[in-house]
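These notes are about the structure you will find just below.
Per-chain residue numbering starts at 1, and chain names A, B and C are given in the order in which the chains are listed.
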Amino acid sequence: MQSNKLGWLFLAPTILVLFLFGVLPFIYVLWVSFHQWNPFAANPNMIFNWADNYRAVVFDAQFLASLGATVAFVFFAVVTEVIIGYFLAQAFMGDFPGKAFFRTIHTLPLIVAPIIVGSVWKLMTTPSIGIIPHLLDNWFGLNLNIGTSALAAFTVTVVMDVWHWTPLVTLTLIAALVSLPADPFEQAQIDGAGPRQIFWHITLPMIAPALVATVFIRLMDALRTVDEVLMLTGGGPGSATRYVGVHIFKEVFPRTNYGYGSAISVIVLYLTIVVCWMLYTGLLAPRKGKEG
Amino acid sequence: MTFTRTISASALALSVAASAAFAQDLTIENEDWWKEAGAQFSGVTLRGVTESTPPSNFISDVLAPKFEELTGIRVDVETTSWDQMYDKAIKDMEAGTGIYDMVYIEQDIIYAYLSRDFLVDVTAALAEKPELKAPNYDEANLTTFADNFRGENGNLYGIPMEAFIKVYLYRTDLFNDPEIQAAYKEKTGADLKPATTHEEYTQIADFFTEYMQGKGEDIWGTTAQAHTGHPASWYEFFESVAPTFGVYNWGIDAANNYSASVENGGTMNSAEAKEALAWWLHLRDIAPPESVQSTWTEVGTTFAAGRAAQGLVYGENAAWIAADDTKSKVVGNVGVALPPVAEGVMAAAEAGEGYIGYYDGGAFGLPVTSKQQDASLLFLQFMALPEVQEEWAVAAPRITLTSTYDSPKVAELDAELGGYYSMLRDQGKLFKGAPEYPFHAQVREATAPIFYQILTGAVGPDEGLDQMAAKAEEELTTLGYRK
Amino acid sequence: MRKKSPWIYVPFWIVISFLTLFPIYWLFVISVKPAVDLFTTPDILLTSFYWDNYTEVLNDRLLRSYMVNSLIISSGNAVLCTTLGFFACYALSRFNMSGKESIFFWTITNRMAPPAVFLLPLFLLMTQVYRFGDFTLLDTRIGMILVYCTFNLPFAIWTLRPTVDGIPRELDEAAYVDGASPWKVITEVVFPLCRPGLAVTLILTWVFAWNEYLLAATLTNFNARTLTTGLSEYVTTTGTEWGIMAAISIFTLIPALIVFGMVQKHIVAGLTFGAVKG
């Protein structure tokens, strides 16, 4: 075995870059979060106020509502994306005419910038002039109004996210599936295992690391969503789609509430880490133990 | 693919290509003075940040090249979106980085900047360095709108570059249609003409929505800037609707310890404010369905698409709606009037004790953190030269110097715009910009979520205004303005 | 494995493609209409074309420099992150350093940060701390390439780790026994076997950098502005120029498609590799 020094050498650039552009800014945010600081307050300076911001966050009904909406959004979006993404990736494993063409088409949503995605979906869903409410009304007599109905706006944000990011799940799962060795599958078929058994006992355990990594990425990206939703609904109607990313944006950008916004960010970051850590240890670590 | 290009007959072709053509038409007086003044700054590059609006585009496409040609000073203007612009300018000035030598200041943010001493006192700076004072530049030429950019000492902290009023637009083709007039007379007993009171406005709006929908046409009686998640709706209510009911300055009384609620002496939840909100919410209900997703852009486009018979529209949009046939379907059919008001409000506005609508605009200011303040002073004066104003007013419907009203091209345009410029000149004093608050965005963002809930019906309008008044006071206390 | 006719997949893919393409088709529809024509009862088919939005975009020389910046920043960042990520994954996979799993988890926490509030410290660091004489990282392409590492490098590490872990160690060890240097093992044994994972990582990091908006909007001014910030120029208090935004977006699809086409081949290459290995 090679010496660990070489390993550290390979890791060093990564650690350095992430320290300079990730950790140091975080330390600054943490520091600001213990201050009352709004540059347009009567006193524009930073005033150390211990944990007052954190105390306020816990009782901030608006923040809690925003967090609740975010959890629902992330849950529905990510679950849908993973299920659809997996089936599409499986479907791409077979051979069929025009496969490369269809795969290219399927990846197109990824290259549309989020602010454009938000704009297009806004124009597609605006009441009376958008194509989607128009068709839903013509075909099914449904009235979709994202300007007044919280449920409609919520659904559209989820559908938009699924449209935009399912290809990411598909792509990473294709990469995982193509590198699977063929032997266990052949062996299982010889042993007479059905497709369901193969999925649960062979495919899923083998792609679990890639799957978990993908779920993580989607989970944390969905939690941070800002541009798309801001363009689509502005966080409305009311506060229905004011997800934490949007909420923080509105606190620190227009409202310049730097101190409080930092505290919210730290809490959101903390919660994200905890959730991901639980998922990580719960889903991956026991399996690793079993193998090792 | 064939690229066809419709060239607008109107003078309002706002495209880059079109406005670049104006550069040759600009003749600057005292060219020698500019050459001499610029000599000491040769090789300097000034950097500004602004929004990508037609007046700003004129600066970067026409004024900057001309200025560089004369003085050798290069001007780079960064254009960005509405919310990004403030954030970038504030970060730069707050951190003292000195990236920008000029920042765009919308009228509503100037008081925040002044409270932080972000800006250079232009009047004082020019008095101190007479050698930099351009011969044709004179503060006295500026319209009264410039007063919005004066500090407590009366000195100018920003050179105005755009100014608009939010006007009442109506469709002359519909209002003058004999058949419609007869139907209106039959239904209401009144003659169809632009409203002067809220009751008349509602009556006309109700009539048109019912009449046009009955005929299966996509025309509604009024516009409404009623987005349920964007501050545009908050602005329409507090800056355009509430004042016409006599509720001024967002209902916050600065002289009385920044009180907002009635019980503390404010008017944000007064009977008049509640009446105003009820009136406006009714209009929202009979406006085109897209109104619940409409910011200023969509309201303008809704009107331009011919989907509303009347409405309150920002002046910068009024111009292209009325005259640019590449963008609007109602060219030649747009009338301009003063917004309808409650009894006594007009008299109060004429006496200078109130206002009937929103006066909007912006200026260029010079950050104290700029490293090229002297060269910037030159460019700021260049923007306010009388000889560049006429072409500028044609390229973008804005007027900041009194003399510009009399120029022939502007007079021609005035007729095309249904008398918009005359109204700006003669009745501009009845309108007012945002109140003099350094906490503009803070109070807006604190109260807006409640306002959106009112719009969705989650909170009743009256309770909603009560909650907003309480929230505004809470925010002002947190910020330290309210004791 | 399955004996069904390959053609049965085609109708399914046509339906999926239709759903996937519809919003992009609508983007095109928006780009060839004047704004005022969008405000009417919508028609699913295009009946007329209005090219002014495209002439405007073609005439805008600033957009061309934004395009160049975007290409350089996203390609530079994708290559940097994929390379650093690959080496980091090799270290995490093949060495027994203490605390390596914690480091692995720590890397991903850098991607979790809500971006809005981190803009101020990044702005301050790039203007006042990371400076060399008059040179600051603000508004430079290299600065953006480095800043984008905060979300792309963790992503690269997390998507590559399963791939690198999946390459049997026996292969490395056999090479070492034959006297190969670590460098040779990595570049000639492990790297070729990781191609599908590397291709996907490269594509996706490229996409994330290409689409990023908030950081670029704050941390670039004149020299390193990217296409997404160029798009936001059309969102103003006066109006949002939907048509021009859409026209630019249609343009931006072209370089993105080319990059995709170049990299996707390697996923296909990976497919054959999987078959051979089996």
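Simple rule for what comes next: a contact is a pair of C-beta atoms (placed from the backbone, for glycine too) under 8 Å apart; a residue touches a chain by one contact, two chains touch by 3 or more.
Because the structure is a prediction, the values reported are computed rather than measured.
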Identity of the chain that, by mean CA position, is farthest from chain C: B
Which of A-C and A-B has more C-beta contact pairs: A-C
Gap in Å, rounded to a whole number, between the CA centres of chain B and chain A: 38
Chain A-chain C separation of Cα centroids, rounded to whole Å: 15
Residue list for chain A, restricted to those that touch at least two other chains: 128-129, 251, 253
Chain B, residues touching no fewer than two other chains: 87, 290, 298
Shared interface positions of chain C, touching two or more other chains: 38-41, 120, 124, 232, 240
Chain A-touching residues of chain B, taken from the complex the two chains share: 83, 86-87, 90, 94, 112, 115-116, 227-231, 288-293, 298, 438-439, 441-442, 444-446, 449, 452-453, 455-458, 478-481
Residues on chain B engaged by chain C in the complex (per definition of touch): 1-6, 15-17, 47, 49, 51-54, 76, 78-82, 84, 87-88, 91, 95, 97, 99, 106, 218, 290, 295-298, 300-302, 304-305, 307, 314, 316-317, 326-329
Chain A to chain C touching residues, read off their complex: 1-2, 4, 6-11, 13-15, 17-18, 20-26, 28-29, 32, 88, 91, 94-98, 100, 102-117, 119-121, 123-124, 128-131, 134-135, 163, 167-168, 171-172, 174-176, 178-183, 185-186, 189, 209-210, 213-214, 216-217, 220-221, 223-224, 226-227, 244-245, 248-249, 251-253, 258, 261-262, 264-265, 268-269, 272-273, 276-277, 280
Partner chain B, residues of chain A touching it in the complex: 38-44, 62, 122, 126-129, 145-148, 150, 233-242, 250-251, 253-257
Chain C residues touching chain B - in the complex, by the definition given at the top: 34-41, 51-52, 54-56, 59-60, 119-120, 123-124, 127-128, 138-139, 217-218, 221-222, 225, 229, 232-240
